[in-house]
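Shared between the two complexes below is subunit A, which pairs with subunit B and subunit C, respectively.
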Partner chain A sequence: MPSNGSSSAAAVWAVLRKECRSEWRTRYGLNAALLFAVTTLTAVSFAIGRLGNRTDLLAALLWIVLLFAALASLSHAFVREVEGRTLLLLRLVASPAAIATGKLVFNLLFLGVLELVTVPLFLVLMGAPPPRWGAFLGILGLGSIALGGCATLVGAVISQARGRGALYAAVSFPLLLPMLAAAVSGTRAQWEGGPVGSEARLLTAYAAAVVGASLLLYDRLWED
Partner chain B sequence: MWRGLLLLWMTVSMVAAFTWAPLVPGLEETTRVLYFHIPAAWLSVVGLGWSMVHSLLYLGRRRIEHDDHAAAAAELGLLFCVVATVSGSVWAKAVWHSYWNWDPRETSIFFILLIYGAYLALRSAIEGEERRARLSAIYSAAAFVTVPFLMFVVPRIYFSLHPDPLINPGGKIEMDPRIRIGFGAMLVGFTGLFAWLLSLRVRLVRLERVQLEAGAVPGGSL
Partner chain C sequence: MSVALRSVAGAERPSITAQGVWHRYGPGRGLEPVSFAWCGPSVAAVTGANGSGKSTLLKVLAGLVAPSGGTATLSIGGSLVPNRARRRCVGYASPDLMFYDELSCAENLAFAGEALGLRDVRRAFTAALDQVGLGRVAEDRPGALSSGMLQRLRLALALLHGPAVLLLDEPTSHMDDEGRDLVARVVERHRRAGLVVIASNDEREWRIAEQRIELRGRGLGGAA
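Showing the complex of A and B:
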């Protein structure tokens, strides 16, 4: 049904715009996440100093910094609705899948902005050798989609649980482990001049599987 | 009746495993861990699969019995997973001289351990039976999607020292027939034990629910 398809696309777009607008009004989530990312980065950089040619460590630390920043902020899109008691109203005007997809796209944009600040700072502060930009950005982008997809799904689940702050990281981590391993090894390979094709394929498949499964599962998220 | 048989079966196979079955050259006395470690590892995978299948069934049918099965299998799976991890780690200390070095098998069992831990922690944090069942089933289904990827990722990154190459070179099972019989008997015994414990746990959860409902109805002025 094309009309249904276009109306749900419109709903996703509306949810996305609403997310961006309410984030822009307070900028609470973005400010907190950016500060958190910079704090993690500073702590790592202070503790280790410039790593220069240790590309194995650089790749691992880059993804750890990004993981921490993501886990500190990506459940916010759902938690905000629960804490503000606005979820019920939102559910009246849009389907669960549209709400969740809108929030997923918002989270991916959010992660993009976060990386726009964090990644250049990381490269400068750690004294990293210049990356092969195509491969580096490719792995970074695919990894971020996989990371964002997982983190959004778990965020949706965890927003309905008690003690969500501490639990969020612990519950997300098992799902993120395969993606993190592939992203780290891809980033390392890119610095060492090796091929990154298999990691890129793995991350693509992973992102597609997680986002696809999420779209099926989001319909069952709220049924009280 | 069949519980008595299970006890007898496990006793006989355990005694046989320690007295009748020979040792694998190169592993010597540490061969014996095989009879406990592999069945436990097998059951931690079975428990995970059972739990995830029942989670998917719950999402499809919305019958709370499926959630009982998913939760009970996760609890028991965690128990067997700890047994497999600890026995494997002790064995690794004896043979590889290190309790833990992120061998692929260690990585995958650690991953299973993490999923169990996260699943049970999530369950304990959600209030309301229906909501708990629904959300933990969603989490379980999501974890189900990531499992095959780990199978691809891990062997690419780490190099294995796990002794199936020692026990069965070339992918064929070339164990001594006596080891194979002892191992098969222990595997059957452990699986029977798991099935029994699972049925007990599920019955217990059901009785608790009946008791809760019986208690709630007469005083139902809330």
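Showing the complex of A and C:
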């Protein structure tokens, strides 16, 4: 029989393990994301060479590569469940909040693995100046949480809608814009030696708002 | 090995009460208002024409669909089971239910057991698979199973956590005679230990029921 207590944590852990196992066996999302990131960086590197001290371009390019490499996979966290008709199984064994939290944690891990490969490659191929590591990793981490949270929430909202591909772009664009602007600005500032406090605060508030709203909304999302 | 069922002698007796429950998916689609009270140990049946809302009613009882109106409550031993805890007391099997094809049958059930917070997951899924005669295909992928065997896997999922209430939507669809006998044995065993609800138009499935309701609607907004 089910044990009492910590059942939500058990459900989150089960969903996370299931997501990791599925991704490890299919490697569909990770392979596609890495292919996009490596191809883009290589192509840009061949076309325009090293960007050196063009910190404005470097910051924008880094977040563009991360966004597009990750988005296709992040947005599919829930769509895969709907298209594979496995959402019913998930809902039978875990609460919507536990499902969403498990998928959010998986998406953040996914982003982490993607960044582990992409960011060093980016710094080398683009000839970027050495970053201020504390500020750089801080902005990168906060931006990743904001990006992962937003992509997971929008993916859940549109997963059962018709025309979800077009809907995803339309819904996520205005939601991602402030987060991207702050992440690009913060990344540029750390290269130029400026303060990154305001961008870090904005990204923290954004991530907290998105994750908080998600936890409040998920219970209402799949009742029909 | 057999799945441990809750003893329902006296205090653990499950009951389901519905008061004017109805649900609308869209124009002409849904469940017309229905009221009933079932008390275990027993077998209850829901019959009715295609589109009359049998599957919807079972989803409402399982807590998968929030009804548009009315209330459906589940009590165990006279204590009301909150909606968020319903999945632990209810086993649900339906032809809609699909499994993850990148996981084996055993891994699918293990995932469900972990998410439900079972203490001894391996023992639970081994017992459930043995009970439905799928022990020898535990390591196979669900996609490799025949439709009848897939139906058995759904039944194993429903039995996994030894629930007090078993909700079976067309439980013998795609099954051969041996499979039908298996379902009959499971229902017979469970009726002594809890409440079984069967939604079906096949008289062979529901004739053992002591209680039956027939849904006469053709979906809200349509002709009866």
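We adopt the following convention: the second predicted complex is superposed on the first by the 211 of 224 C-alpha atoms of A that agree within 3 Å, B and C clash if a C-alpha of one lies under 4 Å from a C-alpha of the other, contacts with A are read in each partner's own complex, and residues count from 1 in each chain.
Note that in this section a residue touches a chain if its C-beta (ideal position, glycine included) is under 8 Å from a C-beta of that chain, and two chains touch if they have at least 3 such contacts.
No experiment lies behind these values; they were computed from the predicted model shown.
A.B. asks: Once the structures are superposed on A, label A:R91 by its partner contacts, choosing first (subunit B), second (subunit C), both or neither.
C.D. replies: In the superposition, A:R91 touches subunit C alone.
A.B. asks: Which partner chains sit in contact with A:P178 here, subunit B, subunit C, both or neither? Use first/second/both/neither.
C.D. replies: Only subunit B; A:P178 stays clear of subunit C.
A.B. asks: So, A:A10: does it touch subunit B (first), subunit C (second), both, or neither?
C.D. replies: second
A.B. asks: Considering only the touch criterion stated at the top, classify A:A47 as touching first (subunit B), second (subunit C), both, or neither.
C.D. replies: A:A47 sits against neither subunit B nor subunit C.
A.B. asks: Using the touch definition from the top, say if A:R21 reaches subunit B (first), subunit C (second), both or neither.
C.D. replies: So A:R21 only meets subunit C here.
A.B. asks: Which positions of subunit A sit in both the subunit B and the subunit C interface?
C.D. replies: Overlap of subunit B and subunit C footprints on subunit A: residues 223-224.
A.B. asks: Hey, which residues of subunit A end up touching subunit B in the complex?
C.D. replies: 150, 153-154, 157-158, 160-164, 167, 170-171, 173-175, 177-179, 181-182, 185, 198, 202, 205-206, 209-210, 213-214, 217, 220-221, 223-224
A.B. asks: Which residues, counting only subunit A, touch subunit C once they are in their complex?
C.D. replies: Answer in residue numbers: 1-3, 6-7, 10-11, 13-15, 17-18, 21-22, 25-26, 84-86, 88-89, 91-95, 98, 223-224.
A.B. asks: Within the complex, which stretch of subunit C touches subunit A?
C.D. replies: Of all residues in subunit C, those touching subunit A are 4, 6, 25, 62, 64-66, 84, 87-88, 92, 94, 96-103, 107-108, 111-112, 114-119, 157, 161-162.
A.B. asks: So in the complex, which bits of subunit B are touching subunit A?
C.D. replies: Touching subunit A from subunit B are residues 59, 111, 114-115, 117-118, 121-122, 125-127, 130-131, 134-135, 138-139, 141-143, 145-146, 149-150, 152-154, 156-157.
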